[in-house]
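Shared chain: chain A. Partners: chain B in the first complex, chain C in the second.
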Partner chain A sequence: MLKVVIPMAASILATGVVAQTEIVGNVDSKCIIISETPGVYGNPNPYQLTTAPTNGGVQPIIRYDVLAADYYKAVIEHPIDFSTSPTLDDVVTWTGDVEVSEMSDTNMADYDTNKVEYDNAHEYEMSVAGSTWFKISSTADYGYTKSFPAGQYTAVVQAECIPL
Partner chain B sequence: MKYLFLLLFASGYVSAHELTPTYPELRTSYMNDVLEVKLKMWNARVDVEYYKIEVTDEDWNDVPFITREKTFKLEHFGRRDIEIFLPSDTTATYICTRSLLEKGNAQKSIISSKVCSKIK
Partner chain C sequence: MALLAFSLCSPYSYSEEVYGTTNNAATFGLNWVMTNILPSQAGLEVNGLVYQYTAVKDPETGMIVYVQNEYADGSGYIFRNADDWTGLPGNTIRRKFALPNLGAELWGPGSIEVEGEGSVENASVVYSYRYDTCFDPQSDPNCPGYEEQVEVPEIAIYDPLQDPLVQEDLERKARIQEEEEEQERQRRREQWAVSNALEDLLADGNNPSLIDPVAEAMALALTSRVLPTNYYNGLEGREYFDTVVLEGGDIADNAKARRSNLAQQLLHQQMVDSQYESSQQETK
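Right, the complex of A and B next:
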């Protein structure tokens, strides 16, 4: 056995066999949408569902990571309908807002001032590289103080990242 | 243990959706009058397994395109190379991937993400 192993080992040492594996990566302009907190509706009144923390709700938080400045705009839409709910036979009145809750760079401080709002959309130009956290609030009022039927209610927040 | 669960629930989870490059390049493909564009997608959203590819012009109108699967499954932490074929006279400007949310999984207010690349 040794007669076989020793020549093989000597042969490997002589040829200097080295295994190499490359790890490839690119640092490029890109936008990453990160869903940090999904959000929960509280039900403080029979006719109301709200993400307000003071009313038992949890506000959804979305983080945008942008690796280069002035490449992207963020468009966030607060909900204006339920994606799942029991059958509703009266009008639901929706209100909501989007605001910057945290930022990795103080130069992002004017994002809320400079945002463009239309319908339920809030559009932010991502003019600074780094991470920005957006907090979304949403409230649904049913009829004229009418009680929501029992069941599960879900609404979707749309978060988009669009190159400029 | 009860408090640990509450903490986990309150802190939520972190999950991400990424599409690169920002400005992909249209190249000639192996077929006549057909252009090709290549993108890469990464799914780190633990709550999403399915994505849809959308190709639109600069006014967000849909334009015709061909790809292997317009709606595809991508596991958590999965990467996918996306090849899109477009006619040579295409007006395509935006290529986007949109997360598809499963109705049965809806427990709370949920987040739909859409990340786009732009053909210049």
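Right, the complex of A and C next:
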């Protein structure tokens, strides 16, 4: 028995083995954006489209779920043009706003106070873990009180979660 | 064949877990009673809570809002969460909590309490719950573990007290007892009359027939005996300051004391009689 075992061991040592193994890692985002309520434009005046609820509109609501505090900032841009619309031959004047409508932590209450605005963008430091609901308002005025052409109008709110 | 046997041995039964949510508990105010909110389903458990409200306040002021439920037995809070709005502007808050299936019977009154300056508007508190439709297997014949109710035949219960013969015998015994008691009362009344008569007699101190003549003669002999002189002579002198002198030399019988003794005996007898009377009344 001994004579058999030794040559086999020798042959293994002589052959050698090379192995490779992988290390796989998956990173899930700790910031999730969910469109909770799609917006609707009301048309209180022929020249105006607005999301104001008093004028038949619905304000879109976007929810940010942040699992780790202080690692992200939210940037939300209210619309400044239509993504789809009939042909427009006059100027559209856009106004809009973004504000925190609901929160899951009282420490998010000063998000609006501390936000940074530039152009049509509203930038929030997501300094508290939890859910934050942002409500966007948008109004489009066509020409100088000129009636919008009939048709369907669509505008897009862009929401981003940018890692810091 | 085996499939047929299995199907015969396993009757169709099911148990279903139902999940649901309550209406807004804060619809009619910031205080609510859970029995009015949760369904009255056996085995119901609360597994979550979502609340939302808008805090209206000055950013400079302090304000804490408690959303809470007491334990049903009043031993503290089964759920309580505080939102500290101090130094923050008011806004709408929405929070949700997963709870470890707490039985409905544990949940006491709920409330939203504001501490500090500010108010709460548009409050909403919604509980989520679950229950097993077969929590009580007897609630539905389709529930696993359901046991057919065995019909117990109605057995006529014999009540001996309702038997006419027994009743007659009991009445006869009651009559005899009543007669005996009446006789006893009569005997005591007579004894009582004799005792009263004796007392009246003793009240008369000049009745000589109440004194035993033999005893009186013996007492007289004892008191009239003259002692020999050697009983009082020949004593060696010392000092004998006091000399008792019995004037008249005759001690009369104390008739008052004798009456007193007899009167005490009479009182004692009255007391025993009254105890007997009261004990007889109690046994009735």
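Rule of thumb we're sticking to: the second predicted complex is superposed on the first by the 135 of 164 C-alpha atoms of A that agree within 3 Å, B and C clash if a C-alpha of one lies under 4 Å from a C-alpha of the other, contacts with A are read in each partner's own complex, and residues count from 1 in each chain.
One rule holds in what follows: contacts are C-beta pairs under 8 Å (C-beta built on N, C-alpha and C of every residue); 3 or more make two chains touch, one makes a residue touch a chain.
Everything quoted here is computed from the prediction, not taken from an experiment.
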Inset, instruction - Assess the superposed three-chain arrangement around chain A: do chain B and chain C clash, or do they fit? - result: fit
Legend entry - Partner with the higher number of touched chain A residues, chain C or chain B: B
Inset, instruction - Examine A:D28 and indicate which partner it touches, taking first as chain B and second as chain C; both and neither are also allowed. - result: first
Legend entry - First (chain B), second (chain C), both or neither touched by A:S101: second
Inset, instruction - Would you check which partner chain A:D70 touches, where first means chain B only, second means chain C only, and both and neither mean what they say? - result: neither
Inset, instruction - Considering only the touch criterion stated at the top, classify A:A109 as touching first (chain B), second (chain C), both, or neither. - result: second
Inset, instruction - Scan A:S138 for contacts with chain B and chain C and give back first, second, both or neither. - result: first
Legend entry - After fitting on chain A: smallest Cα gap, chain B-chain C, Å: 16
Inset, instruction - Overlap the chain B and chain C contact sets on chain A and report the shared residues. - result: none
Legend entry - Interface residues, chain C side, partner chain A - complex: 52, 55, 83-85, 88-96
Inset, instruction - Please give the residue numbers of chain B that touch chain A in the complex, ascending. - result: 10-23, 44-45, 47, 94, 96, 101, 103, 106-118
Legend entry - Residue numbers on chain A that touch chain C, as the complex places them: 100-110, 112-113, 131, 133
Legend entry - For the chain A and chain B complex, residues of the former touching the latter: 26, 28-41, 51, 58, 60-63, 65, 68, 71-72, 79, 83-84, 138, 152, 154-164
